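Across the two complexes that follow, chain A remains constant while its partner is chain B and subsequently chain C.
Coming up: the complex of A and B.
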């Protein structure tokens, strides 16, 4: 007789032995088997749906980050292959030659910093995925280029089928990757083709830098207090309950808090520092919980050994507990920061929603961060800003993926097992 | 000394709570003290137009509450079965290896910034839905709710997985010994035993959905409407707060104060739900040795 694995109904009823069941019981058994299979199906479907949704989301963002453009160029209209030029200067030289300038003229322009600045303000060098049917071409686009049409890859198929891809005289076809390197370096603008992420990127660096400076010491301090020092009294219990509840407060409420306390009462205005303070309070519970877990994972025997050598409480905490908990704390902070980078709603409340095309240079500057910039682009009237927004999303997700990978590497490589 | 510094750090979290309550209550009290506002109208009025000109202002929060409930209900209809289903599959049917690799993939849904989910709802989900559902507005709670359902999926599934994994193996084996099938064990033994955790995860997911801002601001619209129709453009409590804060309402104006009153309502609702979910775990959790 074979031994059945648990849960397989009726698997012991083998073919060659006379069945002990009558017809009715056999039908019942079959029904139970069917129900079991149906139940398994019901539970597999959600997992598949979730994975499909994630794939669709990433797919649609990437698809939106590339688009076809019909452009009437104001520059020479020529495109250059990767072999012809490799540097920014090389492309510009070729373009100016194509415009009919003399070599002398070009050298003069490239060496004069004021002329160069003006040229850079009006033109930018882009690497198009396709230009007029050829793959990977450099194009020098002018700020006054007329963008006749913008459409997605899928719409292009429809057009090719209906043979609507004919071009008028003097028009060019570009397959424009919105998310290119210069997108990260350009300032924001009211024109979708030249709008860039640099002010929001630097804004995010400022805000997140300050968030780490503020939330790391306070969060770790709270964790040390709760794990090593706190007496078992009512205040400690209040702290614990309070932290649990703070973690569940919607982020928009932190935005209201930031608006009231930092923007208005403290008089910071819609500035980097107000944003950093708001976000620090938002992620504080997460940092505290992660740091407490890391500290709790350090075995008591290590502390006892340290005390045995005559160390004081603080010496033990600072030289034995914290170094051994460092990996866990850093991993927790990275994950908390990843959350802070993606937060949009509270920052819209404390000034991140304004139009900013200047890079912030002090804690009191106006700012925008990547997610609030994306929000503004989605709300902008021109349709082409949707493409800019998806380029912004690609950058945001890229940063987040980097952070998650970093946290995972840290955890795998440096985490100590006791 | 050091103890004192650490104590100060710890008090900051308490101060945060105090500041939240202070900010919300002082402005809310000032809001209700204004002669243009009546508490009765606030809780029963069906028109919410605080950003309009003075003679057309109405302060009835019901449209916002209804909008929030509509989106939340759609999110829960989508998110709870999906979350519980995937939790059952990953906890009871999947191998350890599959579980360890699939759980982080589901967690991705919770890690994606909500502004990205809002963008996805508005530009990908809504166009597809408009092909299927006649009369669907560009901004609608249906698409926002569906995407939000996927956002709360990991909240439901990860807590439910934990509580199902905590059900002792002996109970499952006993059921198998009585001849139960795998599905019967899950439905009649594991789920009842893990029910407190599952219910807590549902409540927590509901609280997440109510407090979620970006998906609704982007995809559901910003027009407070007293309606049960998921095709209409609506506004929720959270999307109104964003709308009021990003406009140019001068501090201290009634329009700016109204956002604190809405914020206080939102805060109380989510706080109540969070405490409920903790109570459910504490009160009804079955303890196994």
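Coming up: the complex of A and C.
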């Protein structure tokens, strides 16, 4: 350390710092470091932008999934506190009582499954965040209720009192959480206030399940063949090039293929199995590529060890290569399936209808999946369907998150087995 | 500076105290091997005596590993390999078209340069070989016997169901030796088994080799000449695919006949 004396006041401190470099070298070093900082800045800015955009996206979707409503009720028009009724059945009893039905009548309805089903199809029983100025109250929304006005959450954030005084006689004012628990269990409807996601959700689960069942064995089988057995000749190379190209083919093309091959030629019609076959074709190249990478990543020394102990080729593949590639294969399949879940275009081609209010119960059922359902809601004339679509988007993201969590659990489990 | 003499490809191997036919477990006769157009082994003939350790020495790329891998047909895994000549094992030519390489490897086990245990438990590693063939006997006893044979039992008997990868490098290599023993082979091939280990672990492997030769015939490739001197009964020196000289280890190290062998032994090249 050099010590500055009073006579040196004004000279730059950095010049007095001990250094291994002369002035020119020091300037060069500073320039090199500035360069690094500049590129660091260049790389950080897009990351920050991306995070902001994602937050905006999530924010707007979540905001849209909640809205204020002015409703002209067609049933009793009463709301019930949590203290009055704790269960769905309790609320139904109170509502029917308020409508002037007799106790006998109510018990008969509750014990008759057909009547109950009809009641459920026509009424949505849900906790509203605020109902006529009070927090968390049970509201029974009837299919015939008229929604007079819809305001976004922000629009009427601090004007609840004003809004309440503006209400006409008999009207109710709710803060409606479109994405509520029963949203996933309710069937679709032409009325936004009672429309639910159940048929599309179950449709999506059917399709994902079948896609995994179809694409996993075929994809992994193809990868094993190409990686371990295929001779290195012109045909194999052609196959490999095409495989990579197929991964980039626009999904609508697969939709047309699915329409001709599965819907018409194979005679599946607009059914779950046709959709699953089409989506399996769509993700197969990705599954095969991911599985091949995973298989190739298994160290050659493990294969040698296996062969050296007298294992046959298939024993080596099934006992050493596949278990060690499983983590990579599972990750690849889950990523590919996540892509398939969000696909809309090919499913519109193969008959993923927007309005199906029957839950699919076999591979040959008509179906709707969440993305096509969202698409049809956004296209619907009533403005309130925008809110339903937002709730649908939240659900779709939820399904994706669940899938990623599942992927992580599977990965950890396989890794624990060494 | 010593100029390395070119060795004629039809060099006649210098042999001292040759292995008698009755003693030989494996005998390689007029064996040549090509990778595509490159000839890696030139007309090699050598016999390996029962319950003895034979060391293959020579500079990198001289073909000693290739020769070793020819004994249990591991070279078959490399596409474009072509061989000529015979490898006799118990009066059977291992390269007879009727012989499946898989059966060869059950009789002739192998230990590799880098310890390569499977990412499974210690028990499963040892049981892997027997299970391939649907072993019907007492697997637990076989695993214990193999681990005792590889001098590893006392260290791992309480952690048999933990990962083989959690062991130290030297323990992993002994695990690999136990794994090879579990298929109950006659011959164990070792391809530089201690080159990735520290001196203490190396020492234990060498002790182990001295012990197991009572039950097995061992062929070991090594870069370490002191090691060859310590563990082997016979030594073979190779150079550029040619077997230059072979004989009892004492003889090779104290009184080599061929000039090339002498230069290699004394560290003038290699």
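Here is the rule we use: the second predicted complex is superposed on the first by the 323 of 418 C-alpha atoms of A that agree within 3 Å, B and C clash if a C-alpha of one lies under 4 Å from a C-alpha of the other, contacts with A are read in each partner's own complex, and residues count from 1 in each chain.
The definition used in the following text is that contacts are C-beta pairs under 8 Å (C-beta built on N, C-alpha and C of every residue); 3 or more make two chains touch, one makes a residue touch a chain.
Treat the numbers as computed from the prediction; the structure is a model and nothing was measured.
Asks: Is A:281 contacted by the first partner chain B, the second partner chain C, both or neither?
Replies: First partner only, chain B.
Asks: For chain A, which side has the bigger count of touched residues, chain B or chain C?
Replies: B
Asks: May I ask you to decide whether A:326 touches chain B, chain C, both, or neither, giving the answer as first, second, both or neither?
Replies: The answer is neither, since A:326 touches no partner chain.
Asks: One more residue to check, A:315. First (chain B), second (chain C), both or neither?
Replies: In the superposed model, A:315 contacts chain C only, not chain B.
Asks: Between chain B and chain C, whom does A:305 touch in the aligned arrangement: first, second, both, or neither?
Replies: The answer is second: A:305 touches chain C but not chain B.
Asks: Which chain A residues qualify as touching chain B in the complex?
Replies: Result: residues 6-9, 32-33, 35-36, 39-40, 42-47, 49-51, 53-54, 56-57, 60-61, 64, 217-222, 224-226, 229-230, 238-239, 242-246, 248-257, 259-261, 264, 281, 284-285, 288, 314, 338-339, 341-345, 348-349, 353, 371, 374-375, 378-379, 386, 389-390, 393, 396-397, 400, 404 of chain A touch chain B.
Asks: Chain A touches which residues of chain B in the complex?
Replies: 2-3, 5-10, 12-14, 16-17, 19-20, 23-24, 27, 81-86, 88-90, 92-93, 102, 105-106, 108-109, 111-120, 122-124, 150, 153, 172-173, 176, 179-187, 204, 207, 210-214, 217-218, 238, 241-242, 245-246, 251, 259-260, 263, 266-267, 270-271, 274-275, 278
Asks: How about chain C: which of its residues touch chain A in the complex?
Replies: 72, 74, 77, 79, 102-103, 105-106, 109-110, 112, 114, 116-121, 128-129, 132-133, 163-165, 176, 179-180, 183
Asks: Which of the residues in chain A come into contact with chain C in the complex?
Replies: For chain A paired with chain C, touching residues are 232, 299, 301-302, 304-312, 315, 319-320, 324, 417-418.
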